[in-house]
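Letters A, B, C and D mark the chains in the order given here, with residues in each chain numbered from 1 onward.
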Amino acid sequence: MDIFTQVAKSFENQAFMKTIGAKLDLVDEGRVVISVELKPSMMQQHGFGHAGVTFSIGDSAAGYAALTKMGKHQEVLTSEMKIHLMSPADGKILKAVGSVLKAGRRLLVVQSNIYSCDDKNEKHIATMLGTMVPSMVVD
Amino acid sequence: MDIFTQVAKSFENQAFMKTIGAKLDLVDEGRVVISVELKPSMMQQHGFGHAGVTFSIGDSAAGYAALTKMGKHQEVLTSEMKIHLMSPADGKILKAVGSVLKAGRRLLVVQSNIYSCDDKNEKHIATMLGTMVPSMVVD
Amino acid sequence: MDIFTQVAKSFENQAFMKTIGAKLDLVDEGRVVISVELKPSMMQQHGFGHAGVTFSIGDSAAGYAALTKMGKHQEVLTSEMKIHLMSPADGKILKAVGSVLKAGRRLLVVQSNIYSCDDKNEKHIATMLGTMVPSMVVD
Amino acid sequence: MDIFTQVAKSFENQAFMKTIGAKLDLVDEGRVVISVELKPSMMQQHGFGHAGVTFSIGDSAAGYAALTKMGKHQEVLTSEMKIHLMSPADGKILKAVGSVLKAGRRLLVVQSNIYSCDDKNEKHIATMLGTMVPSMVVD
């Protein structure tokens, strides 16, 4: 099972990613891209994408980037994550690029950058920095 | 307009809170409780509540706790937020208790504690610490 | 070797704690207090205690609080730590109270609250939230 | 007064930076490098540089990077800062590179990367992500 298939299989089982309509765009070793179309159901009170949506795809992108560094029968869990919301999520699509800063044996330091995209522009709206921990899974 | 009505009005406009079925349980000055029933649509790949759901209600509870410290025509925005996920969200209901640690003129330090609740037990599953900034709104 | 002696022994070997004149005031299970007298050599450009001093004692207090939850031949390392600086460190003494929120097998979630103290007052100037990881040591 | 002189003037007044022997190496707009020689007085109990030293120069580098984005009579204060310690500080020199991710009117999102340097190697040992707030100063 290649790395994309392994991540896609886990992604398929994330009901919440389906609920918000998130898509797995790209899986490289140490780098994963997830995107979501911003729908009215995902807004906060000012009509921008809710911070929880931005966090959700950023967290998943970072987690799957970590997963590409793990062995076959492992999963990862978010231990802690910090997000900076730098600009409103006012585009049509949000795109999260997760990557791995340091892959240790017991924990991985990961980051995620989230972009709000329109037809022409891509705006860097949020950055995340956190810790993933490996968890053994039984298939 | 009392403090509960003011917060409830803003909460009503948070489409994403409706989408996940979150409820505004309590509004005191500097303290807000939001809860959500964990449904299959909110799960991650292990069958527990997705970190994004926990983050979303925790962030909103902290933000509204901050709002209770602001003047009438203001709103707050999350500037940054850190979440520690300490135990799996495996209960029936998630409950977030947001509060204010320091209410400055230009920014507010807030925290949120999230509990996973069953019929008999309440487990502390996550803690959040972050910064809210006031934003002027025009009604 | 009791818990205070174990922590004191490790504290003695922290040259940097000696350099800034920090003292180990109290060691309970899951709770450690460290204080430091603010001297001119520890100031930043406004004449207040440098954030690095506040961080240093807060980090050590949190780490030793974690150590009280570990076995005899272990040490802990800071994996990551967040600090909120809420008020200037303008007192005579800084006091850090470290405690443990969650003691897991592979990592511990810790917090630290730092107070600036004068003859009569104690002001809450900073709060920290972070992750400690156990590390085996050979005596 | 050029940007290097402005930052150098403020750096000179940071007694704690002098105490630990930190040097201001480089000042560009939005980017500042500070280094420090690791001396026995700065160690923790395992003989590596104390997290507080790493934090101190990283925080100052990030703060001064923010200062280069401000007007003439302003200063900045650290509002909050997160540090990930990824490898032990076991080199001869620590070097912190601070930069600005987002310069807003009311707050700046900053980062700092810290390297442990020997004669031949440079190891990325820590990364920081935080918030600086402008503060008016009267000369």
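Basically, contacts are C-beta pairs under 8 Å (C-beta built on N, C-alpha and C of every residue); 3 or more make two chains touch, one makes a residue touch a chain.
This one's a predicted model, so the numbers in the text were calculated from it and none came from an experiment.
J.: By CA centroid distance, what chain is farthest from subunit A?
T.: When every chain centre is compared against subunit A, the largest gap points to C.
J.: Could you put a whole-Å number on the gap between the CA centroids of subunit A and subunit C?
T.: 33
J.: Using the average of all C-alpha atoms in each chain as its centre, how far is it in Å between subunit A and subunit B?
T.: Subunit A and subunit B have C-alpha centres separated by 21 Å.
J.: What is the distance in Å between the mean C-alpha positions of subunit B and subunit C?
T.: Here subunit B and subunit C have centroids separated by 29 Å.
J.: Provide the list of subunit A residues touching at least two other chains, using ranges where the numbers run on.
T.: Each of 79-80, 82, 84, 109, 131 in subunit A touches at least two other chains.
J.: So what shape is it, when you link every pair of chains that touch: line, ring, star, complete or other?
T.: Per interface graph, the chains form a complete graph.
J.: Looking at the complex, which residues from subunit D come into contact with subunit B?
T.: 79-80, 82, 106-107, 109, 131, 133
J.: List the residues on subunit D that touch subunit C in their complex, please.
T.: For subunit D paired with subunit C, touching residues are 10-11, 13-20, 40-46, 50-53, 55-57, 59-60, 75, 77-85, 137.
J.: For subunit C, which residues count as touching subunit B in their complex?
T.: 82, 84, 86-87, 101-102, 104, 109, 124, 127, 129, 131
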